[in-house]
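Handing you a structure now.
Order as written gives the chain letters A, B, C and D; numbering starts at 1 within each chain.
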Amino acid sequence: MKWVGPIRISGNVAETETAVPLATFETPLWPSVARGAKLSMAVARGIVTTLVDERMTRSILLEAEDGPTAFDAVRVLRRGFDQLREVAGRTSRFVELIDLHHELVGHLIFLRFEFTTGDASGHNMATLAADALMKHILQTIPGVSYGSISGNYCTDKKASAVNGILGRGKNVIAELVVPQALVSSVLKTTAERVATLNVRKNLLGSVVAGGIRTANAHFANMLLGFYLATGQDAANIVEGSQGITLAEDRDGDLYFSCTLPNLIVGSVGNGKSLDFVEDNLIALGCRDGAQVGDGARRLAVLVAATVLCGELSLLAAQTNPGELMRAHVRIEREPISGH
Amino acid sequence: MKWVGPIRISGNVAETETAVPLATFETPLWPSVARGAKLSMAVARGIVTTLVDERMTRSILLEAEDGPTAFDAVRVLRRGFDQLREVAGRTSRFVELIDLHHELVGHLIFLRFEFTTGDASGHNMATLAADALMKHILQTIPGVSYGSISGNYCTDKKASAVNGILGRGKNVIAELVVPQALVSSVLKTTAERVATLNVRKNLLGSVVAGGIRTANAHFANMLLGFYLATGQDAANIVEGSQGITLAEDRDGDLYFSCTLPNLIVGSVGNGKSLDFVEDNLIALGCRDGAQVGDGARRLAVLVAATVLCGELSLLAAQTNPGELMRAHVRIEREPISGH
Amino acid sequence: MKWVGPIRISGNVAETETAVPLATFETPLWPSVARGAKLSMAVARGIVTTLVDERMTRSILLEAEDGPTAFDAVRVLRRGFDQLREVAGRTSRFVELIDLHHELVGHLIFLRFEFTTGDASGHNMATLAADALMKHILQTIPGVSYGSISGNYCTDKKASAVNGILGRGKNVIAELVVPQALVSSVLKTTAERVATLNVRKNLLGSVVAGGIRTANAHFANMLLGFYLATGQDAANIVEGSQGITLAEDRDGDLYFSCTLPNLIVGSVGNGKSLDFVEDNLIALGCRDGAQVGDGARRLAVLVAATVLCGELSLLAAQTNPGELMRAHVRIEREPISGH
Amino acid sequence: MKWVGPIRISGNVAETETAVPLATFETPLWPSVARGAKLSMAVARGIVTTLVDERMTRSILLEAEDGPTAFDAVRVLRRGFDQLREVAGRTSRFVELIDLHHELVGHLIFLRFEFTTGDASGHNMATLAADALMKHILQTIPGVSYGSISGNYCTDKKASAVNGILGRGKNVIAELVVPQALVSSVLKTTAERVATLNVRKNLLGSVVAGGIRTANAHFANMLLGFYLATGQDAANIVEGSQGITLAEDRDGDLYFSCTLPNLIVGSVGNGKSLDFVEDNLIALGCRDGAQVGDGARRLAVLVAATVLCGELSLLAAQTNPGELMRAHVRIEREPISGH
């Protein structure tokens, strides 16, 4: 593990300059993120992060006698949303049911509950609330029986489209506009070459690969490093990796953004009480939020900014034949993996 | 980190009984895998694992003047496959180019090189070989220029369909037939209920979620735990999580299999020289293979068997209303996350 | 074109017995659908259809100065939803804006408008309304400029996950429970074999194929035949084909359902004024609805029931080695295409 | 139905100038394609089409006793490929087995046979050959039994990734470079605006929609019109619609290409003996090929060129606020549907 930075960050959650901890076996990741961090410090507002949404989800599976019964059940449940919210709210003072989606397949009902969960990533709160909701539904809705406490429509740690479309975790945009002079001197490339590479590799390349809601080079690497260093459930990089990089040539300046719609992070909960994790979370300023949820939101934008740093640096390197190879031979006698 | 097991394993790679190390913050994962392990020990051949394929990939992106030039280039490259193999082979004595796929998009060429890489997971070998192949192609094929050393058609650590269809990493099947008596006494359920749940949750639930080549409950959890304990690049759980669970009621006995087509594992390379990793790899018998690649292959089937243990245990629990909740409240005062 | 049936249909939209017109070059489609129709007539309630939802969509693309401006714009638009509804409503007395979804990618805004459109499939109404909404937004929201009148987040006639998850067109479930005796005498198979085949072919087969929200054998064939015969825009079979077949063995009886979440149909509009189309729509009872939208809703459940007939017949045939081949050699001297 | 054009076409299959027939209810499609056709006539080589691949597929499903048996079966079959080719070849003098792919899921085997089928689209030939191959396999491979004559890994008329990655139908690239002056005078836009729109709408928009191997605006519309006019099985527009548009600003000139990897077309077979179809095929020059398959190949590049014409025209229109609406109000008093 190593601290990299500082990164300058602004936006609707945090205005800060902070280094970030990255735990990884892929040592070239550190200088890669450091190069992006350096750029952020050279720009007035640094990396601008926007928290767009936050929610944690759990889907349950119910079996109805037939399609009409399933449809009726869903209508009754939607009309009784306030009651469902009350049932969920009784399971924890930090959990609030904010939305509900359903999918019917024949006589089966997939119900997707969506919660806010304070500073926790919320897996456990969501499961506990879903368990209470399941009991409530089985007691109050006739013709409906237990299917499963999890119906895979959540969906947790699996490659799918639903999380991006309906929301799961924090949805964060990180943006940086790099002036032409720095694109040239620090990134050794041009905005036009980065923009073209992004279209061809991250967009077209992902399309031909049969990618699903994914258009980036290596979000997963930065996510893993950050998650391990801050006690997150790192298996959530599966959906976290499904994000989008956008690069534009603006008269020589480089507009570069990373959109991460499925960031599952928490500043409290499982794994957060280990000493090094606590130290890291405190150093990141994620333990002293004025309001419930501030710690997790701050974590989310720090992760997103870190992802941008590493993504930008790698893409810039890949515009130059041989640079990636040379850089990594220099650093660890063997080339970087993973992108 | 904790050792869980032993698991009994047979098949075309290993006949063994061994415990496995799992590093995780999700402590309920240990008893979950342990329950599956216990079942494997009660069956004569245990978990039968079949290694179906192994290869590591790297795609490069080339730009041709136009479509006809791109098409000609691909034909020339395919005819000269032996020469490409020679070029790749010069970069390491462990790397061998075994196949080549292409995709043309207008005037762009995505070339996907497929290698065997001995006991290494092979990210670095593949990149090094791809770098040499890129140089060779640029020197010998007219009308073609550098696009990117990675074209996302590989594809590394991103949710896509290509890895499952064309192959990447080890492709392993793990199977266990659990006699009816044990389904009842150990799993507290019936084969019919597990089979039905698998169809509804893992198959239908994943379909409605817009899943891509994924039909399981929580492969990612076991993969992460095993990967962290054995020094793997854990970001590869993104594609590793894309596997398929199949459950069948065979006159009361339960046929249960996990197919993992994209297991990226190595017994040597980055991260494998840490003391605890070395100890774990030695204890698993993955450092004394008679032939090159034996260590990685053994690792792959151990991972697959471990995944089966955890997947089976969770699915069985989810057939029973409330069991999951009770089990995990017992274990850690808060319910399990992540499935 | 040929009329096939009658099919008996019940449910929340229609209680009827009617033949259906199918225009196709694949003549074996007719006896295939006819076999399903025959089964529907032998069961008291016939095919039970449930209309779950209806909406037509159009997405526009807006460019904001940066992510924060994009996020602000979306918040303003959501708060002003009533005004948007008014703007949309002014473009036609049949169109009503019922929901709005957004996706932000960096500084770009994808806005998905969702309308009811009466008896029309609604492509044109939705475009007209979206055009008015676009003008309104550009005039009232600062920092936002024109991107495109269509942003592919609609999405029309393209294979995606969004239509199933957020809804587009009619969402219809068709169900039929076939008594064991008829499964045997008419379908020449057993419920268990159909259920098993459905899991293996439609679910597992589609998963390994990298399918997206699709789990059926040949919905597209029946959709095409019905769409051509009733003047629909048949290019909408692209998303229409993305539906799910579910088959269950219920003590020897066969539960069989087809869920079609993306049925784009209309009883008025483009293509509906051709003589043969008018005749067909009148014969189907889709031109004399008591309320606006009744004609289109009736069409939707007729389509869904027809799809079920053809899907059931084919799956049953495929449980028997050689039957498909024999049946079609008998009918047209060459085997059926397309499934 | 209307003839539109002529379109100038060159490339590795045809050098020709020909009008094309389009049957559609969406009358604005005709002037839209006509505009692209006009551009093709103004450029020396017109639309350059490259036929990259051709094959028709059928997958069968086999059940083995267990995974090891399944794996052995696949190895035996691959070693005996020549015999399989002979078995397939006996079913028709036009069919040739050219490749074989497999996927194992637990004890299940999905075998994907790939054939050339002369001038036919090949659904029926492929099914007939698959039927013979199935019988041969069941007779010669122990431990393997019948699953299904179709396993959905083909995959026919369903939205998936496999067809693009492994190939199905004709794979054709169509390219046109439009000089700056014509971009301005005919398309009323600039290359830069078309390129930007393509990235944002066709690439990013499709990614956020959860699209699968699709990045275009409305391929399905042109495919449907052409397929209906030439007696194709129009249900194959489901996979045909999964193609990629690429647009680049080359110093003011516009590079525009449409890549269609899954074009299922035939000049003989089902539906081709209708009088108007025969007339159209003859007029298109698809009935007098010097070699078997020439007619179908010619059809394929004509389709691809037609798709390019309509795609280019629409994208150009969508770069201009309000143009689409104005154009279509002019043409049919109501706006165009479907993109």
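Rule of thumb we're sticking to: a contact is a pair of C-beta atoms (placed from the backbone, for glycine too) under 8 Å apart; a residue touches a chain by one contact, two chains touch by 3 or more.
In this text the structure is predicted, and so the values were computed from the model without any measurement.
A.B. asks: At the place where copies chain A and chain D touch, is the share of residue numbers found on both sides over half (same) or under half (different)?
C.D. replies: Same-residue interface.
A.B. asks: What's the chain with its C-alpha centre farthest out from chain B?
C.D. replies: C
A.B. asks: If you average the CA atoms of chain C and of chain D, how many Å lie between those two points?
C.D. replies: 23
A.B. asks: Can you work out the whole-Å distance between the CA centroids of chain A and chain D?
C.D. replies: From the centre of chain A to the centre of chain D is 36 Å.
A.B. asks: State, to the nearest whole Å, the distance from the C-alpha centre of chain B to the C-alpha centre of chain D.
C.D. replies: 33
A.B. asks: Find every residue in chain C that makes contact with two or more other chains and list them.
C.D. replies: 103, 105, 108, 160-162, 164-165, 204, 206, 208, 210-214, 244, 246 - these are the residues of chain C that touch more than one other chain.
A.B. asks: In the complex formed with chain A, which residues of chain D make contact?
C.D. replies: Residues 161, 164-165, 199, 203-204, 206-208, 210-215, 244, 246.
A.B. asks: In the complex formed with chain D, which residues of chain C make contact?
C.D. replies: My answer: residues 25-26, 59, 61, 63, 103, 105, 108, 110, 121, 123-124, 127-128, 131, 134, 138, 146-162, 165, 197, 200-202, 204-206, 208-214, 216-221, 223-224, 228, 231, 233-238, 241-242, 270-271, 318-319, 321-322, 324-325, 334-339.
A.B. asks: Using the touch definition up top, name the residues of chain B that touch chain D in the complex.
C.D. replies: Listed in rising order, the residues of chain B that touch chain D are 11-12, 48, 50, 52, 66-68, 70-71, 103-108, 160-162, 164-166, 171, 173, 175, 210, 212-213, 244, 246, 255, 257, 259, 261.
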